[in-house]
Structure formats: structure tokens, C-alpha cells
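Here subunit A shows up in two complexes: once beside subunit B, once beside subunit C.
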Partner chain A sequence: MIPMIRLTDIRKTYRLRRGMFAPTEELVAVNDLSLEVAKGKTLGLVGESGCGKSTAVSIMLGLLKPDRGEIEIAGQKIGTMPVADRVRLIQPVFQNPNASLNPVKRIQTLVGQPLQLYGGTNVDAEVKRMLDLVGLPARLADAYPGELSGGQRQRVAIARALILGPRVLICDEPTSALDVSVQAQIINLLLSLKKELGLTMVFVSHNLAVVEHLADHVAVMYLGQKIEEAATDALFADACHPYTRVLLAATLLPDPQAGLPEQKLGAAAADPFAAHRGCLFAPRCPAMRQSCVEDPQELRTLRESLVRCERAV
Partner chain B sequence: MSDVNIETVRPSVWRKMRGNTGALIGGTLLAVIILIALLAPLIAPHDPIAQDLTRRLLPPFWHDRSVPEHLLGTDHLGRDYLSRMIYGARVSLGVGLGVILVSGTIGITLGLIAGYFGGWIDLVISFAITTRLSLPIVLVALAAVALGGASLTTLITVLGLLLWDRFAVVTRAAAQSLRHQEFIEGLRAIGASRTRILFLEILPNMRATILVVVSLEVANVILLEAALSFLGLGVRPPTPSWGLMISEGRDNILFDPWLIALPGSALCLLVLAVNLFGDGMRDITGPARK
Partner chain C sequence: MTEMMLDIRNLKVSIPTDRGLLNAVRGVDLQIAKGETLCLVGESGCGKSLTATSIMGLLPRYAKVTSDRFEMVGQDLTTKTDAKLAKLRGRDVAMIFQDPTSALNPTLTIGRQLTEGVMRHEKLSRSEAEARAIEMLDRVGIANPAARLTQYPHGFSGGQRQRIMIASALMGRPKLLIADEPTTALDVTIQSQILTLLGELQADLGLSLLLITHDLGVVAAIANDVAVMYAGRIAERAPVAGLFAAPRHPYTKGLLAAIPVPGVTPRGSELPAIPGRVPGLIGALRGCAFRDRCAIAGAECAHDPVPRISAAQGQFIECVKAGEVTA
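Here is the complex of A and B:
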């Protein structure tokens, strides 16, 4: 079966110069990333800030050209696809609904705009249908984003993303800017929409609890590389890569007695410029050996996971 | 969700304006001045350039020597001062509006482009802004008038080409802060064109800022026109302009100070009206924000 969205060996580098006379350095934002999501499934993409999640999202949306590699949606390469076709296949829902809606446009305009741009007819009726689909009363069509609550705004953003009837929805931290009480509503809305419309989703998040709830499949990224990928249950029950384990251990428990989780990463932060052949995570890894720094790590299958660590057992 | 159809209550601009004293006063004053300018041929009691050398320097109505036909007296050539004041409003408003149209278009376009694209485009436009800022307006206007001859068109063109900097600086800064907003990325994700993003999505977000600049600049232009006309670089006599009237009245400042006081107060009122109105409109229009 052809996956709904497939990334093959995507690589994206930025050329940076730190200081006026410094030599240009290459920052590898996404390094040979391959992902596949089957139709109707949800992929959770997790990793700390700067690990290349957002770059990967921009590439999937066609906003950024990868240096090499292919993105296919429903079997079609999006690099050569006309924009009008691309937007009907894949749409984003962004993190911050305060910033993702133009504050001077009315909800009616915002939701209807994608359709309007591509010469859709009957825009008003469609907007009404979409608002109903995401659980907003039709009377809000006249309001401005500033007059809605955060949760309502995110519903508007979802309606706007869905009006063209895309096959794939990319959610870039869609709940992290919302109140905890509203997060659950939005997540349940996404879940029911996914079932109802048969959407394929890529769900980018810091929040592991959300990913566990939503995703069928999880890919963990570190400094542009996919370091572990597994079915959600397998990953949360038995993570293989040391980084994934640390990530899972850092999750806060809803237990006041538990205290703050101890993180075993040492004081170093992820350094995208650190140049060595071996594992990128090695400098912070609690299980590091000399060979980790020297030998390049390849993805290998371990139990139910795909993991980029030779020492994982 | 319930199906109860509640009308969203959004106060109209007019209703909000009634609650804003400044905007109300400014708006009324401005409307009156605009009406006077538009209806000048109907309401002016005399021809503003008809001279009557037998009735020179008649004082205004509050004075003992005043005559009823010349409510605000006459100038040194015996022209009716009230009629000249009325026609002078046309010049002030016309120049103000014309210059803002030219300078606003240039400045807003350049500022938007510089702020949105950044990089070397921004460098070039910023250089143009700095260059423009280093040019003394009166000197450049003097040179342009010397080359092109003094006329209303020259004046509007020269000022329009000189006064776009404030628009550019303000829109550039605003565009810089808006370009990284997620809604811009969202628009690119639905394949919106650059022109659409710049002028239909980013520009409306700057309405409040631009309104303030417009009100400041209109006032600035009106004063500059008066100053240039006073220096003999603007409107040519006998066309009535408030600045020119002040210039012509300065020989008689000692014995007939109203020759300067009247157009001076008119200028002052107009500038005040524009500023009050612009300031009020910024608060009134635009959607509620968090």
C-alpha cells in the first residue's frame, strides 16, 4: 500500500555566519529524514527545541525546498506539483491561534479564504458547514479573532485548514498555546475529525502525553536526525534509545508527591555545530562510550523499534 | 452548541465616535473646513482676487472703522479678506491631500517591501530612507522650484517626493514585526501571492499606525505649504493661500496685526482638527485586540 505521506532522505542545511568575519558554517537542520504515514494514521513527531521539527513541517508544507530528498503525498511528488494541487492535499494547523489568524479579518473571511483563493463557489455555505463541523456557532462568522477565546480561535484555524478538504493535516503543536482545560477539547476535536474525514495527521509536539493519546506511531528527532521510531504503545512501554528514555523520564506526573523528575542529561545543551562522526547525542548521553563518538550510528531494528544507537539493548 | 441566534453587538463607528470627544471635535472642525473649501464659490462674498485700491486695509468687523460688506476687512490691495480665507482653505486641504497621496503611496510601498523581504532589499531601501532624511526639505524644494517654476503641481510633486520617509520608517518596522507571524506562513501554505500577503493581509494590520502618521503628516504638509508660500516658493500670488496671506501681511504687522492673526488662526485650527481627528480615529476603528 502506498503511504499517504512519505518523506525520503530529506536533507536541509542552512549556511550561517557567526560574526562578520567568521567563516560560514553549515547547520544541518534536517539530516536524511525518512518518514511514512499510512492513510488515516497519525504520526507523532517529538523532540526538543531546535531538533528540526519545524523545518520538517515547513518542508512537508512545501514552504521550504529541501536540499535533497523527495516528499510524496498520496503518491504524488509535491516538489513538482502546482500550488493549487498541493494546498488541496496538505494543510497546517499552527501552534499559536493568536498569531495564525489575521487579526483584522472576520471569521467568515478567514475560514472562507482558501476556498475563495481557488475560485470556490458557494463559499458562505461551506464556511457555515465548516464552523458547524468544528463546533462553532454560525453567529461567530461575523466576529474578529480578537473577540474569541483561545480554544475558539484554534477551532477557526482548524476549520480554515479543512475547508479545502485536504488529505493530510499537519498540526504543529496545536495545543501548546492553550489552557489545559481547552487542550483536551481541541485534541478530542482533532480525533473525531480524523475519524470522520479519514484524515492522515502529522502531529508535532513537545507534550508526550498528548502524543501518546493521539498518535499511532511516534518518531523522535534529535538535531535533525530521526533517532527512534516505533508504534506509540511500544515506544511508551519500552523505549530503546537513551534519549527517548530521558525524554520519557522527564514527563511530569500528576502526583504532588512525585517531585520534579531528575534529568540525566548533564549540563550541556544540544549543539548543532558539534562536528564529529559519531552519535550526535553522545555528548549528553548517560550511556556514552568512546566508540559512540567515533562510529557513525545507523538506524537498526531492535525489538519493535527502529533505533539509531548501537548500544541500545 | 445552541441554535439561539444572538446578534453580535458591535458598536458602529459612529456610535464609538460619539463617545470620543477629541475625534468629535476634530471631525466636526475638519468637516466644516472641508465644506467651506468645497463650497467656496457659493459662500465667498467677493471675488478673492478682485482688487479695490480705494478700500485698502479695512479692519475686520470688531473694529470701529469696519464696513459691513467686508466682514474680515481687506488686505493691502483691497481684496476681501474673508473670501481669500475661504479660498485659501482649498489650497491648504488640496496640497495636504495631494502630498499625502503621493508620499503615502511611495512610503508605504517601500516600507512594506523593505520590512517584509529584509536582506539586501531592506538595505537598499533603508539607504534611500537615510538619504532622504539627510536632505533639507526647504533647500531641495527651493532648487526644484527654481528649475520647475512655482506652481501648485510642482509644490505637491516636490513635497510628495520628499515626505515619504516617515511612512516608510513606520510601515517597515510594522512589517518586520508581522512577517514572522504564523498567519503569514499559513497564507503561504494556502498559496497566497506575495502581493496579496503584502497589501491585503499585512497592510490592513497597520491601519491604526498609518492613520496616526497620516494625521501628523497632513498637518506637517499644511504648515510646510504655508512656510514655502511665505518664502515665495509655493503658491504664486494672487492665488489665495493662508501661508501666502501671512507673508503678504507681514509688512503691516505693526498696525494691522489681524492680517497675520486671521490666516494664522485658521492654520492652527486646521492642524489641530486633523490631529484630533486622526488620533481619535486610531482609537475608534479597528477590531478589538487582546
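Here is the complex of A and C:
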């Protein structure tokens, strides 16, 4: 079966200066990234800030052109697809709904806008149906974004993303700015939408507990590379990559007995300009040895994971 | 008797707005013993930051602050003057913020920023102040601290900047450290390093710590005691083990239930969310502020004031039905 989302060997670099008078350098934001998501499944994409999650998201959405690689959504190449087709296939939900919701427009207008823009009919009826679908009372159609709570604004953003009937929803940290009580409301909504509409989802988050709850399988990124991928159960029960293990250990649970993880990482933070030979995690890795930095680390199968680490056993 | 580093009763903070008086802190009691870590937790907009900034005397002039008692590091500040507070600030009491970037001046060297306060307050010479800065930077895990003094903030990563902020807060050898969401902007790996550091500092220096967070994982990892804040009041105060094992206030229960826990919460199950939102704080709130969102609310919840059920060691719950909440 054709996967609903397929990324093949994506690479994206930025050229920038580290300081005003510094020479331009190449920053590899995403490298060698391949992903597949089957219809109706949810992929969790995790990793520290700056590891390339949002860049990968923009590329999937066709909003950013990769330096190389192929993106197919429902078997069609996104690079050559007309925008009108693309927006009916794949839609985003971002962390900060305020950025995409014009504050001087009413909710009615904001939710209906994509349909207006792409020649849909019955806009009013459709907006009504969408508000109902995302659990917003119909009376809010006349409100402005500023009158809504953070959770309600995120529901508006979801309604807007769904009004064109896409088959894929890409959520980039959709609950990261929300309180846990509201986060739970949005997670419940996404779960029920996925079931009701048969949506395929990518869920990007730095919160592993939330990803564990929503995702069928999880890809872990580090400095632009996928370093591990596995079914959610396997990843949480038996992570193979040293970085995944550190990440899991650092995820604090609401359990006073759990305490803080032992310090295992070097103090150095990830350096996005680091030379791209060998393992990028090596400078911080508790299991590192010389060959890790000297030899290119390829993805390989280990137990139920795909892992990029020669030392993982 | 345990020595109290902070003892506040009935703290109120009101801010005039164009829509009326915003009663953001509506009678908060906070006590922190020497060497204790108290976590203040609650949803955003509950008044946590205003509570902290009013303790530090850093509120804008138009904010109205009152309290029945305000004692800090052994001094009675109930009828405080700004001058009296300013003297404590940067010495016995220090504060660190969520965003180290905004708290560090990008145009001054790390050395300048760390030494300025103690040179003024303690009349240390430059070399004495620099020696202490080196000691503190070393303490917070900044490698090669002497060489770092001449560098500017932009040369450091987010995690390092937060360490420098902590070093800066430690310069005056405070007895009480107030940290407002100190790890919220950081990656989890850096977060656990910073929390470990705060725990070590507290043990080594006998610091008392008031840590504000909305993250119950952080609370579980670092708190001795927890104060759960809702709509400007403390809804529940309890030792950390008891709070997580048997929360008694419906709000505390709701917050804990809403977090998915890997391996415990069945994947894809509906999470018990708290319906609705934090109420607006303009004007008076009568009765329990949580009752619109509370699963067990009844008519008696509208009675004002809400009774406080107290237990040993300063524990309390403000809920008329607290006895009915099952774990």
C-alpha cells in the first residue's frame, strides 16, 4: 500500500553568519531524512529545539523547498502539485494560533477563509459544521480571536485547517503553549478527529509523554538527522540510541519517587555547525568512542528499532 | 521551631486596568522554612509571577500590595519601605526568571554583570568581586570561569545563560532564592541539569527555594512542599509525596489527572480534561473560584469565604467538600 506521507532523502541547509562580520557558513537543518506514515496513522516527531522538526514540517507541507529529496503525499509529489490541490490534501496546526489568526477578523471569517479562497460553496454552513466538529459553541462565530482563550483559539486553528477536508494534519507543537488542563482538551479533540475523519497525522512535540499518548510510531531527531525510529511501545520500553535514552530519562514524570535522572551528558549543547562526519551526538554521548566520530553512522535495524549508532546493542 | 525564611499572610495584589481593578493575588499565605523547596504551581494567569514579584518588591508603582504579615529572612517587612526591600534584594533574597536572555544585558560582559551588585552592596573591591564571580560560575558548572568573565552573553547557549543567571543570583549569597519558571524555555536534558544544580546548591548552601512552575513533573522532581495556586489563592498546600499520592483539592486532582503518563495512561484514551478556563480576576470573586469547572461542586461551594481545612505542618485545603474527594 502507498503510504500517505513519504519523505525520501530530504536535505535542507541554510546559509548564514554567526556574527555580523563572520563569514557565511552552511547550517544543515535537515539531513538524509526519510519517513513514511501509513494512512490513518500518527507519527510522533521528537527532539530538542533546533533539531529540525519545524523545517521538516515546512517541507512536508510544501511551504519550503528542500535542497534535495522527494515528498509524496497520497502518492503525489508535493513539489509539482498546484497549491489548490495541496491545501486540500495536507494542512498544518501550529503552536501559536495567534500568528495565523488575524486579530481584526471574526471567527466566522477566519474559519471560512480557506474555503472562500479555494472556491468552496456553502461557506456559512461549512463553518457552522466545523465549529461544531471542534467543540466550539456556534455563538463564537461572531467573536474576535482576542476574546477567546488559548484553547479556544487552538480549536479555531484546527477548524480552519479542517474546512477543506484534508487527509493529512501536521501538528507542530500544538499544545506546547497551553496549560495541562487545556492540553488534555486539545489532545482529546485530535484523537476523536483522527478516528472520525480517518486523518493521517504528524505530531511534533518536545513533550514525550504527549507523543507517547498520541503516536503509533515515533522518530527521534538530533541535529537534523533521524537517529532512531520505532513503534511507540518499542521506543518507550526499549530505546536503542543513547540519545533517545537520555531524552526519556530527562522526561520528568508526575511521580515524586522518580526523582531527577543522573547526569550523563556533557555540558556542551548541540552545535548545529558541527562537522557532519560520524555521529553528531558524540560530543555529548556517554557511550562514545573514537570510531563514533570517525566513521559515518548509518541507520540500521536493531531489535524493533531503526537506529543510527554503531554502539547501540 | 523551624526557622522561616519567608512568612507571608494574606498577600493581596491589585492592578488597576481600564476594565476595573484586577485582583490578581487575593489573599495568599506562603511559608518557607530554612533549606526547604516550595513549589508554587498552577495554570497560567493564576497570579504566580505577581506573587513572586511582589515578594521581591519589583511590581510597578501602580500595583496595590497589602498583607497582614510579611517576614523575610528574619526581617519584618509588613510595613516595608521600598528602600528596605531594595537592600534585601540582591543580597539575602534573589530572583531568577524564565528568560535569561532578557535578564542579561547583551552589551555588558558577564564579569561586569556579576560583580556590579556586590561591589555596590557589600563594598567589595573589583578583584574580590571577580574572585567571587569565578567561584560562583564554577559552582554552576561553567567551565574555565576566569576566562569567561570578559565574554558577552551572546557567546553562551540558553542553558549556559540560565546557569549564569543563577550564578548572578548567588553572588550576594542569598538565603532565599525565588525562581520563576527557570527551566520552562529549556530543553528537557538542560532542564534536568539546571534542576539538579538548584538541588545541589540548596543542599550545600542551605538555601530556601521558592520555585514557580506550571510543570507537575518539575514539582515531583524537586519540591519538598507544594502550594497549588488557583485564581489568586492557594487552593492546597501539602508535602510533595502526599500531594501526588492523594491530592485533596478537586483542582489539584484535575491537574494531575490531565497529564498523560507513559506506561500508565492507556494510549489514545480520552484524558480527563478540566473543562472551561481560569476565571477573569477583575472585581470580586465570591465563593470557590473553581466551582464552575469542578466536577463535585454543589450549592455550598458558593458560600463565602471558602472554609480552610488545616492539617499538620501548615498543610491546608480550601474546599468546602474536601472530605468528599476520593483519591
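Details
As a working rule, the second predicted complex is superposed on the first by the 302 of 313 C-alpha atoms of A that agree within 3 Å, B and C clash if a C-alpha of one lies under 4 Å from a C-alpha of the other, contacts with A are read in each partner's own complex, and residues count from 1 in each chain.
Everything that follows uses one rule, which is that a residue touches a chain if its C-beta (ideal position, glycine included) is under 8 Å from a C-beta of that chain, and two chains touch if they have at least 3 such contacts.
It should be emphasised that the depicted structure is a prediction, and the values quoted were computed from it without experimental measurement.
Of the two partner chains, subunit C is the only one touched by A:Thr251; subunit B is not.
Of the two partner chains placed by the overlay, only subunit B lies in contact with A:Pro114; subunit C stays clear of it. When the shared chain is aligned, no partner comes close enough to touch A:Leu16: not subunit B, not subunit C.
By the touch criterion defined above, A:Tyr144 lies against subunit B but remains apart from subunit C after alignment on the C-alpha atoms of chain A.
When the shared chain is aligned, subunit B comes close enough to touch A:Val83, but subunit C does not. Applying the stated contact rule after C-alpha superposition, one finds that A:Ile2 touches neither subunit B nor subunit C. Taken together, the two structures place no residue of subunit A in contact with subunit B in one case and with subunit C in the other.
Of all the residues in subunit C, the ones that touch subunit A in their complex are 43-44, 141, 143, 157-160, 187-193, 195-196, 199, 214-223, 240-241, 244, 254-256, 258-263, 265, 267-275, 277.
Considering their complex, residues 58, 61-63, 83-84, 86-87, 91-92, 94-96, 98-105, 113-114, 117-118, 135-137, 139-140, 142-147, 157, 160, 164 of subunit A touch subunit B. Within the complex formed with subunit C, the subunit A residues making contact are 48-49, 149, 151, 179-185, 187-188, 191-192, 206, 208-210, 212-214, 232, 236, 246-247, 249-256, 258-261, 263, 265, 267, 269.
Those residues of subunit B lying in contact with subunit A across their complex are 1-3, 5-8, 10, 181-183, 185-186, 188-192, 201, 204-205, 207, 286-290.
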